[in-house]
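Take this structure first; my questions come after.
Chain naming follows the written order as A, B, C, D and E, and within any one chain the residues start at number 1.
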Amino acid sequence: MLTIDVKKSFHKQHDRLFHLDLSFSVNAGFTVLTGPSGAGKTSLLRMIAGIIAPDEGVIELGSTVYFDSERRIDMQIQQRNVGFVFQDYALFPHMTATQNIAFGVRASASADRRVKAEEMLSLFHIEHIADRLPHEMSGGEQQRVALARALSCEPRIALLDEPLSAVDIETRSKLLDEIESAQDRAKIPFIYVTHNEAEATRLGTNRIYIRDGRVAAAEIA
Amino acid sequence: IGKEQISNDKPNQSVESITVSAAVSLKDAFTEIGELYKAKTGRTVDFNFGASGALQQQIESGAPVDVFASAGEKQMTALAEKNLLTAGSRKDFARNSLVLIVPKTSEVRIVSFSDLADPALKKIAVGNPKTVPAGQYAAEVLEKGGLQEKLHDKLIFAENVRQVMDYVVRGEVDAGIVYSTDARQAGSEVNVAATADEASHSPILYPIAVIAGAKHPDAAQEFIDLVMSSEGQAILQKYGFISPGKSQ
Amino acid sequence: MIFDALKLSLFVVCCSTAIVGIAGVAFSYLLAKSSFRGKDLLDAFLTMPLVLPPTVTGYYLIVLLGRRGILGSYIYELTGWSFAFTWEGAVVAAVVVSLPLMIKASRASIESVNTDYETASYTLGKGKLETFLRITLPLARRGIFAGLVLAFARALGEFGATLMIAGNIPGKTQTMPLAIYEAVASGDDHRAQVLAVVLTAVSIAAIYLTNKISRTAFYG
Amino acid sequence: MIFDALKLSLFVVCCSTAIVGIAGVAFSYLLAKSSFRGKDLLDAFLTMPLVLPPTVTGYYLIVLLGRRGILGSYIYELTGWSFAFTWEGAVVAAVVVSLPLMIKASRASIESVNTDYETASYTLGKGKLETFLRITLPLARRGIFAGLVLAFARALGEFGATLMIAGNIPGKTQTMPLAIYEAVASGDDHRAQVLAVVLTAVSIAAIYLTNKISRTAFYG
Amino acid sequence: MLTIDVKKSFHKQHDRLFHLDLSFSVNAGFTVLTGPSGAGKTSLLRMIAGIIAPDEGVIELGSTVYFDSERRIDMQIQQRNVGFVFQDYALFPHMTATQNIAFGVRASASADRRVKAEEMLSLFHIEHIADRLPHEMSGGEQQRVALARALSCEPRIALLDEPLSAVDIETRSKLLDEIESAQDRAKIPFIYVTHNEAEATRLGTNRIYIRDGRVAAAEIA
């Protein structure tokens, strides 16, 4: 159960550039987040992950309070335990695909981490790039590494920001299977941002449509 | 207290080396005396050559030095005033004289210090009177000759005698004032134009003393004795120094 | 003799570069990634040895660490040992004069690392230290490496401060630059030239080598 | 007196930092972005003044630029003027000793810039120079700025080489470090402390200020 | 008329990671380039732009030889005059949206460049972010700035690498109008990479499908 009730403004000098005012709550399972470009989807995910702090409000995951302006709680990013696929991937440029994925795996033995990373590589059909650095991969390959990395850190919530926008239709459908089965195993909330109607329909148990920083429509199961 | 302390202070037992801080201009002569010392006593000398002022500051801050040989009296006196010398150990062991040197290629005829006023001479290098003993003596000579004012704009202050030598050798300046030992060492690279009258400056004496609290006071005293001995003096004279008692 | 001085120089420089490497990275981290009162002052203070003539730095060092020094007297009382006229003193002098170079260069490069990567590491549950060591440092490697080369070279050439605190005792504390100084000051031009050529050759070789190494490390 | 030395110091340092800034960036560009024979040697050669004791550097400068120097004799013949014992000599000394710092720091940061941005600029029809000036340099600004601060501080503290080529003529070529050295070496502790405090204050102020400026410029 | 006939291998140490062997020619107008992730689409565009050089072959645009291994011709990037929308945007991080776009405009007066940049901003519906730096924009906003920048440098060929993958369906359709009218005015080849079937169908006068570095299917009008 994820509960969101936040307000946040972006300022530049004295101009208010953008204002977010969102409140909803969703259960474990997929929540598809859609809305026009610049609506505030990424900003919302960043607040959940703790990368930016809301001006006021509450963010709770189950019984864990991630943020509460009144009680002055603002849990650190590294304690929130989120699996984040960044819109621009943010792969570590000095690490190979395997190293990028293994970096987040929670296992003490490095051999275990490697095994897990290799498993993820094959799930996402990118075994062939195991030893390549990010700049030696294609866009879609990078995106899949980012997805694998986010899902292999045993998160308590997955935040996927257009995680399949750079792959072809065929690959996308295979990866969606993998994402669905990952959710199935983990039973945690998956917040899934997409502009693709087919993806949205397929995953959409819950759907939230945001526009101009506000929830414009919501179908919550 | 005591026992170990006392046995530590006892001479010769475990003394293998002493540390001598000496003005860098004494390097060649002292190195040779050090070898002699080793031959005689079996102990080695660790030399610490540097500018007299720096050596003085090291000793003031407690550097483990047994003997200090300075190129100027000022530094030694400063230590004496701070009770950092072993009473009665201070002696003058050598003297030097001051000479006026000009570049080998110099076209201006100079035969005395008073010729420095010649307008053909544009630049004259001397040691910085505030920091270099040789500069102090040079300032006295110029003062006595009434030249200080006239030369005011020509003087270039160097931080050691070596720098004066470099300037003269390379022809960057038209003349310089250095110790005769330096001029002698430089050999044919410069021409000695004049020697300063002894009366025109205070005696250029090189004092030596045992430092208070020296680890090896007796061995240190032996070193000083060797410097003062006829053998030691012979070595110093070989490098152009004059015996402290004699006149030029 | 030359060999002694060279050996000592290289030894002192290796010690000091190792210390400067670690301390420099630690300070850079502090200055780049945390904020506290007096940060700018600490920064300025750490830059001081760059501005002061080395002899003056050396003078302050003996005032601080000499047997009768502010700190040195305690050390002497406790251990009967002091920095004066020891190779450890030479290392201290080298560290003090070269640390600012390391800090400035590495701090700038640490601050230039795109924070998105650090954020990504935090979301993967890694703490500040681990993130710094495994993400920030490798990405800032060029600047850190440049800082190390600067520190190495500066330590190799260090002379004024060393002379004050470590003295100039052949075979014990006489490093290459001190040997050069001694040769120059005592008028032994030939020896001075030989020493200067050796020091030049060693440092050119060292820098040439590190350049080669860095190239393989960065592009290999 | 103190005021004279301070004024001169600041003047010399400003001149030298300006020269070092431009020359340093140019050399960094050369070393980072182009490849030619002898590049590593040029690099090592430019790093030399960092390794040589400044007095030795000063000696080489005299040999090169003095009235009878390799280059200096031509200058003297043509103009009747020489670098020796002039403030211009002090500037040259400051430039030579601080240039390596600038080059190392700015080169590393220039090489750290993601080449994708440069490529993007090329596709937009911009040549190498324009791309360097408008894309690479602004993105490498932290390292370049760090290099400038290093060069500034080093020039402010420059002493050994200055002493050799510019002499130590109060009111004409006596910079702050020379005045401090003189006071320390002559045992005038009081004066030394006053001077050191002034120099320290000036440099702390300068570094503090530049830090502030850089912060506004970088985070604006 | 764009003529391509190139071979290129990527190596790592001694392993050949990927091999491209492409040859086709297309006229001015849209050419939609599709194919699975990692097929070689981006690599092809990079060779046309001059960012990477083919191992051998020929690239010609009209009468201009961009590359010819036999005649040892390899024109510099900055002379090829391509408008490139990079898959990862490559916006200059220290410039605002307006500055990013104005950077490429071929006009000597800076006021003219600014005017043109503002015109482009409004064509792509991002006037509101004119003065923002890239890190203050949403993913879709960044992508539109990249598109505007590429099209405002009066290119002789436009290389669009998934230029609308990060925008919502509504915006996408408006932007496609703009892209079509830009092509209409310029009458130059537009090479358009996409994974989106709707886009492909709409623009597809010519279609090239590549797979594993080879042209697997081509419909050229």
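Throughout what follows, a contact is a pair of C-beta atoms (placed from the backbone, for glycine too) under 8 Å apart; a residue touches a chain by one contact, two chains touch by 3 or more.
This one's a predicted model, so the numbers in the text were calculated from it and none came from an experiment.
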item	value
Contacts common to chain A and chain B (chain labels)	C
Chains in simultaneous contact with chain C and chain E	A, D
Contact pairs, highest-scoring chain pair	C-D
Whole-Å separation of chain centres (CA-atom averages), chain C against chain D	19
Chain D and chain E, separation of their C-alpha mean positions in angstrom	44
Length of the line joining the C-alpha centres of chain A and chain D, rounded to whole Å	49
Distance between the centres, which are taken as Cα means, of chain D and chain B, whole angstrom	36
Residues of chain B engaged with two or more neighbouring chains	51, 54, 57
Touching two or more other chains - residue numbers and ranges from chain E	88
Chain D, residues touching no fewer than two other chains	59, 181, 184-185
Every chain pair in contact, whichever chains are involved	A-C, A-E, B-C, B-D, C-D, D-E
Chain D-touching residues of chain C, taken from the complex the two chains share	40-41, 43-45, 47-48, 50-56, 59, 100-101, 104-105, 107-109, 111-112, 140, 142-143, 145-146, 149-150, 153-154, 156-157, 159-160, 177, 180-181, 184, 196, 199-200, 203-204, 207-208, 211-212
Chain B partner contacts - residues on chain D that touch it in the complex	59, 62-63, 66-69, 82, 84-85, 163-164, 167-169, 181-188
Chain C partner contacts - residues on chain A that touch it in the complex	49-51, 76-84, 86, 88, 90-94, 103-104, 106, 149-150, 153
Interface residues, chain B side, partner chain D - complex	51, 53-54, 56-57, 74-75, 78, 123, 128, 130-131, 155-159, 163, 166-167, 170-172
List of chain C residues in touch with chain A within their complex	116-117, 119-128, 134-135, 138-139
